[in-house]
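The same subunit A turns up in both complexes below, where it pairs with subunit B and then with subunit C.
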Partner chain A sequence: MNELNIKYHNNFLMEVEENVEEGKWVKMCMQCGVCSGSCPFGPHWAHPPQELFMMVRAGKRADVLNSDSMWMCTSCYNCVVRCPRKLPITQIMHGLAAYANHLGMAPKTQPTRDFSLLFWKNCTRTGRVNELRLTLGLYFNDGFMAGIRKGWAMRGIGLGLMKAGRLNAFELFKGHVCKDRKGVHAMLKKAAEIEQRRKHPAS
Partner chain B sequence: MARKEYAFYPGCSSQLRASAANYLTSTNSICKTLDIRMTAIPDWNCCGASISYAGGGELSRLVMNARNFALSENHLPGQDIVATCAACWLGAREAKHKLETDAQLLADANEALQEAGLNYSGKTKVRHMVEVLIEDFGYAELARPVVKPLAGIKFAGYVGCQTNRPFGIAGESFENPKYLDRLIETVGGEAAAGYEQKVTCCGGALAFSETEKSLKQIKEIVESAYDHGADMIVTPCALCQANVEVYQSEVNKKYGTKLAMPVTYYSQLMTVAYGGTAKEAGLGGHIIQPAKLQEAANNPTPGKQ
Partner chain C sequence: MTTPIATSQTILVVGGGISGMTAALEAAECGKQVILLEKSPTLGGRTALLYRYFPKLCHPVCGLEINLRRLKGNRNVRVLTLSEVSRITGERGNYTVEVTVSPRYVNENCTACGECAKAVAAEVPNPYNYGLDKMKVAYLPHDMAYPLRYVLDPSAVGTEDAGKAKAACKYDAINPDMKHEEMELTVGAIIWATGWQPYDAAKIQPYGYGRYPNVITSLEFERMSDPHGPTGGKILRPSDGKEAKNIAFIQCAGSRDENHLRHCSRICCMASLKQTQYVREACGEEGKSTVYYIDIRAIDRFEDFYQKVRKDPSVRFVKSKVARIAQESRSGDLILHGVDTEGYHRYANNHDLVVLAVGMAPPVKGVDIPAEILADSSGFLEPGSSIFGAGCASGPLDVNRSVQHATAAALRAIQVINKAAGEEASV
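This part shows the complex of A and B:
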């Protein structure tokens, strides 16, 4: 009896409920597996959502947070609309991924993690996405030579888009911006402060 | 005064010279025909899209959307916000839902907004362009300006994910939404019946980070359109359009296929059917040329000299 108690505790579930966006829903999963079967990238998840939910409840903290599974979510929301209990599965996957990243436990060479961070940095720099910088940023993420190689491999697409008027080389110097960039930055700084305050009410 | 007025949220991809510039061009054209006045929300910002989750915290992503709502309330009071981009619409709808159901979040968002001299009262409605067309106009009204029915062109109506889930268009099913097929028929085209990849994910933002895995999705979406005898794919989503069109050359490299299926927007079909030129329909904005639609645009309008 004692041994069971030691092996099976729900500390990690409580941690997830407290820290992960929409984490309070994890306990509601009834393990039907419809989410896993509905996922377009299903075969590429080491642990599909249904499994992750059970792993959270079983206290497999490192196995969950070190996993690159949740980074496979394409935000297609198929699992959400099919879940018989209507859990916000997509949002929980994003929440788990973000929490793992926050703790520094996410896999270091996860391309979707890199892209997610790059996207946020890109869109908050001026308030609007700079598509050219975003694409080049991703290409050159693995170093200069890797970026040149990737850029070369994709040159047909890039030139095609330029010809079609959907990609502009001048974006690199002067792209679309918000006029009140200062306001956007001040607002985001305050939002980050409030988030800290909510997480650590004492400080 | 225009027949209808909306606060327009074009989003980052639907700007001049951006990846969905031709979506913007053709949307402007149909609005002109239908006498819709779209005023861009002054100084609108990015919604954060779904993919920014690891970079921005919940509140940070929320206030990006709340800023647009507040600007819209200030400058365009009483007008619904209308997005053409699926991701913008979803991001804004999700944010609005959260702000409506969580008083603490709303208070926090307003505390942050204050730094930009703004306040959000919670009134603004957020809608997709397709909702406006179907709900505020209706198919019969949308058919009225058709002068050049797109007869003889078969379209695979590819709805994709984010205009369909988790919110979707009222009254439509998630598994087999019909509105796009009905829009195709409204402008005189033929909708490929039983196109089973209608709501398949193209990989979304992961087409950038997990390209190989996304190519398989795109291959299936395009091959099914061929199987159903479609001349082109049509979609309401800017990212679906870009991914499915642009990556076909990569699919061909990887799988040895010879895919060259044009991918267009519903707004381009409507523009051509309403008698617009190829330029007004943004038909110059393709890597794979939608030849049949270009041909239709270049043909003289019946009964007109």
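This part shows the complex of A and C:
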């Protein structure tokens, strides 16, 4: 934990370039501020993209990776369209978030992170998204009683969906699965291997 | 019009702005034969449309007058106005150039008395004021026009205005029956001084140029500040004609942007710093200028001017590229949204008028020129071996550097001519 106490890591930009998706673009930012000004969620972030890039360059490792700013990105791509240097800002935001999560440094109670993890677990298990379990998982995320309350509040919509044939209660027990479940798992395993090899070509 | 006699020892200069005039005069004063071609009815180009130069804030009239004086006193230059190159064939030392001459409908008899302009009724948008006002269909482009001769707009030909103008002229100078002419020139070297175009600000969608009347370009602002301009030197808002006192200048409007112009246009920082002084001149202490910038690129000796403006209490600097402009529909005021880089503060600032410091785009192509002419990634001419770019045709330059560049181009062209002359002599 001593490492976290050190405020500046001079090689953090290099670390980002190596480990973060599209991280090599961070150094191209010219700090004009168009991304921050264009972001519809701008006022709600602690650090807008322009500031995050400067923090990466300044080596503020812990401040960047512990931040919840990049988790606030909604992928509207407004910044990417307007960036005078064509930086893939949205991709970098997601890359930083994924890297922070990988290191276990992401904020633990960030709702976007919770949902992402829930979604990933849900869809990779069977190869298909089980919408009922995903929704209920989200409801019960904040505790058992909170889940019951949320479910009760949404019951009208749930029943409506059932009547329209858009929701099947039996999905809760045995959802329909992808035909080649093992194939999906093998594919994901292979993808993880390739990613590993790309990051550490020597091993 | 008589077709000028040209030989392989003649230099052709395309474009009659400050660069073209300089290149033509420098070559002609070295004793070379020069043909100076200009697309519009007058020489002077965009320089004639400036109010003042930076950094000394002197008036362009002075420099233009010296050049026109040189031109009038030199027998080696032939000036062709309303002429455009349509095709170039041949090679270094021996080019054949096809030229189209558009009719002026006014001949040499014109004394610029202005009776024709009084007689006609119809008006067209005035390109010399970037369309901010209108001019009569019989007009003199501007006070520094050379040749000092009126022009009849093509839209007037065939209407009764043409007849009225003809009747009003005491010198029999107006001839609505003039036709387009084609001519062919043989020249040894070509100097391409076609200048620049202001970047189309309407393409920068978040700034609302064309949608919001009070967002204007730096060139329009330049005309507005000029006492001879459309507003008589008053800085007025296009929406309601009120005097603007709180003015925002947005730098890099189009420049340094991969989505628009990838190059830095070099002149806009200085131009905006200069224009903040117009605001001070017009409004005194009440005037407020705010410059929104990424970095101020006031190179070498211009730094002194920048420091002077920095000390001016009427000018504020905000280090930020504005993300978006919104308009208050009732007042027509503009709200600039963005985040500044010095502290990452979010701002929403109100201004009366927004001036976009538009970048320099290369002139629009459309001329069939030999394939060996190369352009850089922005479309400016690369230094070549046979056709020489001069001034802004080769990259964004201010007037001073355009003149230097044009002089260099003239020297290169003279070398080609001398070589061609030597080869002919040895045959």
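Side notes on the structure shown:
Note that in this section the second predicted complex is superposed on the first by the 181 of 203 C-alpha atoms of A that agree within 3 Å, B and C clash if a C-alpha of one lies under 4 Å from a C-alpha of the other, contacts with A are read in each partner's own complex, and residues count from 1 in each chain.
Note that a contact is a pair of C-beta atoms (placed from the backbone, for glycine too) under 8 Å apart; a residue touches a chain by one contact, two chains touch by 3 or more.
Note that the structure is predicted; figures quoted are calculated from it, not measured.
Once both complexes are superposed on subunit A, the partners subunit B and subunit C fit side by side without clashing.
Of the two partner chains, subunit C is the only one touched by A:R85; subunit B is not.
In the superposed model, A:L136 lies in contact with neither subunit B nor subunit C. Within the superposed three-chain model, A:M105 lies out of touch with both subunit B and subunit C [touch as defined at top].
Once chain A of one complex is fitted onto chain A of the other, the partner contacts of A:G42 are limited to subunit C, with no touch recorded for subunit B. After superposing the two complexes on chain A, the angle subtended at the C-alpha centre of subunit A by the centres of subunit B and subunit C comes to 70 degrees, rounded to the nearest 10.
Of the two partners subunit B and subunit C, more subunit A residues are in touch with B. Touch criterion met: A:Q31 reaches subunit C, while subunit B stays clear of it. When both complexes are overlaid on chain A, the residue A:Y77 reaches subunit B alone and has no touch with subunit C. The superposed arrangement places subunit B and subunit C with a least CA-CA distance of 8 Å.
Judged by the document's definition of touching, subunit A residues 81-82 lie at the interface with subunit B and also at the interface with subunit C. Residues of subunit A touching subunit B in their complex: 21, 40-41, 44, 72, 74-78, 80-82, 90, 94-95, 97-98, 101, 106, 111-121, 123-124, 127-129, 131, 135, 138, 156-157, 160-161, 163-168, 171, 176, 178-180, 183-184, 186-192, 194-195, 198.
Considering their complex, residues 206, 252, 256-260, 294, 320-324, 337-341, 344, 346 of subunit C touch subunit A.
The touching residues of subunit B, when paired with subunit A in their complex, are 12-13, 15, 17-22, 43-46, 48-60, 62-64, 67, 108-109, 111-118, 161-162, 165-166, 168, 174, 199-201, 203-206, 208-210, 213, 217, 242, 246-247, 249-250, 284-287. On the side of subunit A, the complex with subunit C involves touching residues 30-34, 36-38, 42-43, 47-48, 50-51, 81-86.
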